[in-house]
Structure formats: C-alpha cells, structure tokens
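After this come two complexes, each holding subunit A, first together with subunit B and then together with subunit C.
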Partner chain A sequence: MAVPEFLQTAELLKQGAEARVYRAEFLGKPAIVKERFPKRYRHPTLDEKLTHRRTTQEVRSILRCRRAGICAPVVYFVDYTSHCIFLEEIIGSSTVRDHIASAQQSDSGTEQKLQQLAERVGQILARMHDEDVIHGDLTTSNMLLRHSQKDGEPELVLIDFGLSYISALPEDKGVDLYVLEKAFLSTHPNTEALFEKLLKSYAASSKKSSAVIKKLDEVRLRGRKRSMVG
Partner chain B sequence: MNLTQDLELFPGHRVTQMLFKEVKNAAELRQSAVEGKISGALINPTMLVDPLQVLVAANKAVHLQTIGKMKTRSLYSEIIFNLSPTNNISEAFKRFGISDGDESVMVVVVHKKDEVQLLSDVTARVDGRQVPAEDVSSLSDSAKIKKLYKVAPQEDKCGTLLDAVICRMATKDVM
Partner chain C sequence: MTVVIGFEGSANKIGIGIIRDGEVLSNPRRTYITPPGQGFMPSDTARHHRAVILTVLKEALEQAGLKPADIDCVAYTKGPGMGAPLVTVALVARTVAQLWGKPLLGVNHCIGHIEMGRLITKANNPTVLYVSGGNTQVIAYSERRYRIFGETIDIAVGNCLDRFARVIKISNDPSPGYNIEQMAKKGSQYVELPYTVKGMDVSFSGILSYIEEAANKMLSSGQCTAEDLCFSLQETVFSMLVEITERAMAHCGSQEVLIVGGVGCNLRLQEMMGVMCQERGAKLFATDERFCIDNGAMIAQAGWEMFRSGQVTELEDSWITQRYRTDEVEVTWRD
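Entry: the complex of A and B
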C-alpha cells in the first residue's frame, strides 16, 4: 500500500468529516492530496460504493468544468483503491471565504472590490450551470482566488466537487444556489446586498437563468414554510 | 541529459527520460521493443508536451502494476497506453509508440537507484544524438496533440496544453 505510507509523511491541511486534505510534493510538483476515508458507521460495501462515487464525480466534474474554460485544479493522479485524488496545488491562493472576511475587517475602499468579486462568482456559476454541472456543496470555502503575479485581477478556481452531478433541471440548479445562499449569508454577516449582486450577475450571464431563479424563489419559500412549521 | 525523477509513492523507484534526435535505427529499436529486448518505453516525442506528461503515465503504470490491474502486458506498454486519451490499445501504440521511419525517440526507463546499467544498455542501442530530455517541448506537435486529446480553444482560459493533457490522462478510466 504505497499511498497511505506516503500520506504519513505529507502535511495535513484539513481533517474533515469525509476527507483529509494534505499538501505534498508529487512528481516533483507541489500537490494537494484529498483522501476519502472509510466511515465506520456505514455498511462497508455501501461505504465503498459511496466513496468511490464521490471520487469519480469529483474528477469527472473537474474535467467537465475545465473543458468549458471554468478553472478547477488539474488532476494528476487518482488512486481508486485508497480513494485519493492528487491535484495541482493552487499556489498563493486564498479561499473566497477568507477574502470576504478580511475585506469586511478592513473598513475602507473594499466595497467595490467585493461587488466585483460577487459578480465574477455569479458569472462563473452561471457558466458552470450552463454546462449542467451541479456542484452540490457551494460555499465560499470551496472557491479559491488565485493571485497571479501578472495583471491584478485574481482568478476564481472552483474546488471540492465530491457531491457534484450532471443535471439540466432548473430545480437542481436552483437548489445549488439556495445552498450557496444559506452558506454565504450565515458565514458572512450583513451581505444580503452583496449576494443580490451575485444573483443579478448570474441571471445576466446564463441563458437559462430565469427558470433557475424561479425555482430558487420556490425553494426559498419552501424553506421558510418548513422553518415556520418546524 | 538524462532527466530522472523519483516516484514519491514508490520509494526506490525512479523514472529516467532520455531524448534522442537524428535517430537512424528506429525500425530496429521498435523491433527489439516488440520482442521485449529493450527495458524501456520508446515514445514518439512529437506527441509529448512536457516530461511531466511521461511522469504521470509512468506513475500510473507502476501503481497499476503494483495492484495487479494493468491493461497491457508490460510496464512499458502500460506507460504508452496511459499516455493515450482513449482505451484503444493499438491506437495508443500507433500514436504514442515509435514508427519505423522516426528520427527522434524518447526512451523512458523505470529503475531502482543502483540500476544505472539499464540506462547505458539502452543508450548503447540507439544510433542517434542524445539531447536534454527537457528539449522535448521543442519537438511537440501542438496541433496534433490538441486534436487527439480534443482540447478546445476555451480551455486556454484555465491553463496550459500540458494541464489539459494531464487531466485527460489521469481521468480517462472514469470518462
């Protein structure tokens, strides 16, 4: 078992509920390794199936996005026996989450920059949905900003496609946006207007956005009713 | 001129790439490879963007050999198969292996640290001029590579041709 031994020497970046994320050198390049480990409470056969599916969905969606010109890390190697994905490390990147949080800390001149960022996120998600990729776990931690040395504009890179799938249904896209809205507003206080900007930009960028936004409104209403009952 | 990289996942294993130009005996080399007399993969360098592409193929080949899941008969044919975007083995050899009239050849050897004899055995067989393996990029036929791997212009927005090629190689078994 080569990969598990290798990971013992790698730097652990994040221990999650489903996966561990490491940093290591691979084929001489800086790389990120995402390891999905067994969940003891699940039946072993079912667990193996689910973990395998997440691993394949993750690499499939990365390739689908990249083909469409939507940035996602390069896949270097996939080990389907230890459920590890070896990815390009996005060097010098920060999560959109950290970016927004620190911009909110500093008091002046960041408002316009944040609006531009929200607009760009809206555009990229519209393009992703136009490719029928449903991310499944849209949060501001699953978006990286690559600060390239060249021109000032950082580049948005989407990550963490383990819950993604392919669907053309406006309902699925609407739910994808709803998940983001929930996560966005709870992670970043007082950003209702900023998120509105994101949605406006999404609506303007996607050919099929009106049906999606309509579904989003329906899902929001359902969510509200549920919370009133429950 | 040799380019050697350790395979981090397989301690002790390393990959050495050797590039030759003005090769006069491609037919003979190919024949020896077919007969299993050369311990190395002979690759058509015009289909390579960068040495990293070979490393990705070699790492995957050693991995599949270790777990007993190779799709071809030997480690070296597996490396050539892994370079191809499709699962058609003869197609892979046609595109990425060498042909009788070829004038340049990339030789790839997987070996242990102390097995330097393997490398000189290969060099001795090639009637050609060795150049730095990194020079492979100057021989690549980008138009042909883009066509074979189906790389569309919009993919430029999120990376290089090398990125596009590596992604397809690494994920082809689930596409």
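Entry: the complex of A and C
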C-alpha cells in the first residue's frame, strides 16, 4: 500500500506549521506519522529542497541522539517520496510544558521537583550538543516525559527534530539555547530562576560548555540591544 | 473629538500626519533618496529633514484645513531610529507644541506601525509581521504588551534587500525594495540561496554575504540575470518570513495576520502570506505604501490612542532614543 493511501485510514492528530501529524499502526506497533505536505506559498524548487532536507535531517539527528543514549522516538520507516516519517509513539507521556504549567498551579513541594527536571533537561541538552546535534526548535512542547511502569523517575524524550542539523560551532549551540530561553520564558512566566538552573546544569554537564555559554551571552546582547532603525 | 498631529522622521522619510478620531485628515511625506550604490547617512538625512520639515508641516495643516488651535496633542517619534534625524524632528515637534501651547507625546515607532495597520484594516487581534529597513519582528498582543515572538537575530529583511540593491547598483528611487520587486517580476530562474530559520527567529546576514560574494560573478559569467537574483532573493527571504509567521500563529492559536512596515507593501510578500492564510483558514490584513511605509499619520494614530488613555510626555522627558524595543511599551489603550 502506498503511503498516501495508508494515511487516509490514519487518525489526524494535528496540523502544525510544518507538518500534519497522524496516529496509525505500523506493523502492529502504535506509530506517529509526520507528513510534510507541500507549502504552496513557496517556490516549488525551494519547497522540495527544504522538505527533503528537513526530513533527512530529522531522521539523522534522531538516530545520532539515540546512538548517544538520548531518548528520542524510534524511527520505523521513512518515505522520501511523500516526505513521511513513521515514528514510535511515546505512550503514556506528557509534555514538559504541561508538566511545568500544572506544577506551577499546585503550590507545595513542586519547587524541588521542577528544579530536578530543569537540571535533567540541562544534562540531556549538554549531551545532545556534545554529539554536535543542534535541535533548532527547542521548546518545552518538544520535550516529553515518559512515565515508566516502575516507580522510577520519568524519562525525558526529545521530539520534533524538523529544524535540526549537525554542527560543532559554539555559535549554533548558543543560538539553540537562546531559542529555548525565549520560548521557555514566554511560555512559562516567572521561571527565570528555573531556567538559570537548567543552564547551570548544562554548563556542568558539557565538556565544551564554556564557549557555548559565552556565545549565548553574545547572542542575547544582539537580541536586546540591536539598534532598530526604520 | 480629538485631533492629533504626528511627526515621523526616524529614517530617510519625513512625514507629518493629522488624525481626527480614526480619520486621516492629511499625511504628506518626503523621502531622502541617495544615488545608486549608496545608503543614507544619519547627518545627511537629518540635513534633508531640516530643509523640508516646515514645508511638510504647512502642507499637513493646509490639506487638513486646520489651524494650530484645532490640534489637541503633538506626537513625535521617540525611537527607535537614527539619532540625528530623530533629534531634528523631535526638536520641531517640541517647538510647535510650546508655540501652540499643546501637550507633547513621545511615541514608539513600531507601535505606530501596528496601530496604523489596525486602524486601516480593522484587524482586531492579529499576529503582526513587522518588516522594514530596520526591523523584522513577529508580534502578538498579550497582557498589555506587544510581545515579540520571533525576530531577526542579525540584520533586518529590508536592510538585506537595500544592501543587495547597492551591490548590483539598483536605483534607490522611489525605494530599492520597490525596484527589486519590479525586477523580480521579470526573473524566472530560481537560484538557491541560504535559508535560515531558527525556531521562530530568522537570520539574513548569511544570505547577504552569500549574494554579495556571488552576485557579480554570476552576472558576469551569464549564469543568471539581475532579475533572476531579485526573484530568488525575494522568494527566499519572504518564504522565511511566512514560515515564522505561521509558526507564531500555530503557537498562539491566532487566525489573523497583519503585515506592517515598509517591506509590507511588497505585493509578492502579501500574495505568499495570503496563500499561507488560505491553507490555514486564516485572514490576511495588509495596507498599501501610504500607510506601510513610514508616515506621520501612524505616529498621530498611536499618539491618539495614548493621549486618549491619559498619557502625555512632559517637556523635560521629551528626549529621543535610538534603541527602543516594541515590548518596552505598556499598552494602556487595549484590554
């Protein structure tokens, strides 16, 4: 069966800015299908190039992360004609975004838990950057917490590598953190201290963090103090 | 009835507009145009503004059929912008406010664009794409601020277009962007250029360096025409802008887009944004060059909103600033 026909029977979960996301069963396993449909506002050549590049990069980065022991969905199948990626469905998970939002509402005893989570995120991102994977779209919606059957700590799973690429440059890693910082602080008000915790843990976990943090400071300055004429 | 006069001169345009309760009574403007291959320098631009500002002021009052006594408030651009032109215009605004005995109001230039766009298009609560020679921002309103969700991490899109125009010596009359747009219509070959989107942010400096380096080589070897380059540049940078706007809309759950700023009157950008909106079932709002490009009425309109919500700027606080972010302003006139 061709992929487009297969998708007609799948359940459409949402249409994001980048792709349509379906839930389906793939060889008996619960799967998520990410379909990058053509964007008609773009020049067809540009659209084809971007779509193909992003599909390839997404799969490549996921594999690289998984090889380094960072949790990311298993890639089951890729179809480069219809630009579809078949991924493992992360069962029993919630986004870090929802987790922080609900923790902020309940008052007692969550402070320490959130700090632990921030530290955990910092560690994982440090490990990802040490593998030279730049996520490109870090937000708290693109991080999942998988609650395992045992009582242990939930696992942090990174998803949505659509804008990711491979780079060893501190500049690229710094911008990656800058994107997260902006998304983090605009989505979760009054979490400056929490994000500071995340960065501290990142700095402590990565071998190459000092150059990255220095770049982050530079990029922040570019954003805030850029002269704006016109 | 409230009548506000607005003075704008943060870049190479000098404009004075008069607004009476949402009605544009007059909006004359002059542009300082430099020869091909050259940008506008602050001191020369200020000299140009000084030379014409009183003529433009007279025109604004005559076209509106008003006397100074009919004006309720004098608004001027406080920033952001180029220092020397800003000082020139603020000085005149300050002087007439004292001569006429009217209150003064310093306005954020970016807020002027947004409020003018809302007035003209009647867009209620849009995601705003603000694109000009000095700014590239995706903005949405929440809790008394226009919040910046995405922006350029280096140069503005208009700056990228202007500087490309200088490289291949495109005329600055009426504006480099307009001439690129006309030439792009005749281009057909798509030349691949760097494409840089980072989350909801964009970067244009890489594209500019690439095309600065490659343009003359490609043109002299006959690989492509100047029209092809204009076409490819527009297709690339506008795709990036539409993409981050769509990302911000998905993030905020918004179904309206408003394009403002000088680059916003480019019809190809409007067309691409329209296609994106159609696919999402969203609505596009845009204006033409009279209100997209810097003008006095936009400062008057933002000033009108601020004045009505009880704000005034005391004489000793009527300074200007080159750096003034959109999200620094508390929006006292919206819920």
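The criterion applied here is as follows: the second predicted complex is superposed on the first by the 224 of 230 C-alpha atoms of A that agree within 3 Å, B and C clash if a C-alpha of one lies under 4 Å from a C-alpha of the other, contacts with A are read in each partner's own complex, and residues count from 1 in each chain.
One rule holds in what follows: a contact is a pair of C-beta atoms (placed from the backbone, for glycine too) under 8 Å apart; a residue touches a chain by one contact, two chains touch by 3 or more.
If you're wondering where the values come from, they're calculated on a predicted model, not measured in any experiment.
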Fit or clash - subunit C, subunit B, common subunit A: fit
Is A:G109 touching anything from subunit B or subunit C once the two structures are fitted on A? First, second, both or neither. neither
Which of the two partners, first being subunit B and second being subunit C, lies in contact with A:G152: first, second, both, or neither? neither
So, A:V75: does it touch subunit B (first), subunit C (second), both, or neither? first
If we overlay the two complexes on their shared chain A, which of subunit B and subunit C does A:A2 touch? Say first, second, both or neither. first
Let me test your reading of the model: by the given contact rule, A:I62 touches which partner, first (subunit B), second (subunit C), both or neither? first
In whole Å, how close do subunit B and subunit C get at the C-alpha level once superposed? 21
Touching residues (chain side subunit C, partner subunit A) in the complex: 10-11, 80-82, 109-110, 132-135, 147, 149, 151, 153-154, 156, 158, 190, 192, 195, 197-201, 235-236, 239, 242-243, 246-247, 249-250, 261-262, 272-273, 275-276, 279-280, 294, 322-325
If we count contacts the way the header does, which residues on subunit B are in touch with subunit A in the complex? 5, 7-10, 52, 55-56, 59-60, 63, 66-67, 152, 154-159, 163-164, 166-168, 170-171, 174-175
Over in the complex, which subunit A residues touch subunit C? Could you list them? 15-18, 39-43, 45-46, 49-50, 136-139, 163, 175-176, 178-179, 182-183, 186, 219, 222-230
So, in the complex, the side of subunit A touching subunit B is made of residues 2-3, 6, 24-29, 56, 59-60, 62-63, 65-72, 74-79, 81, 86, 88
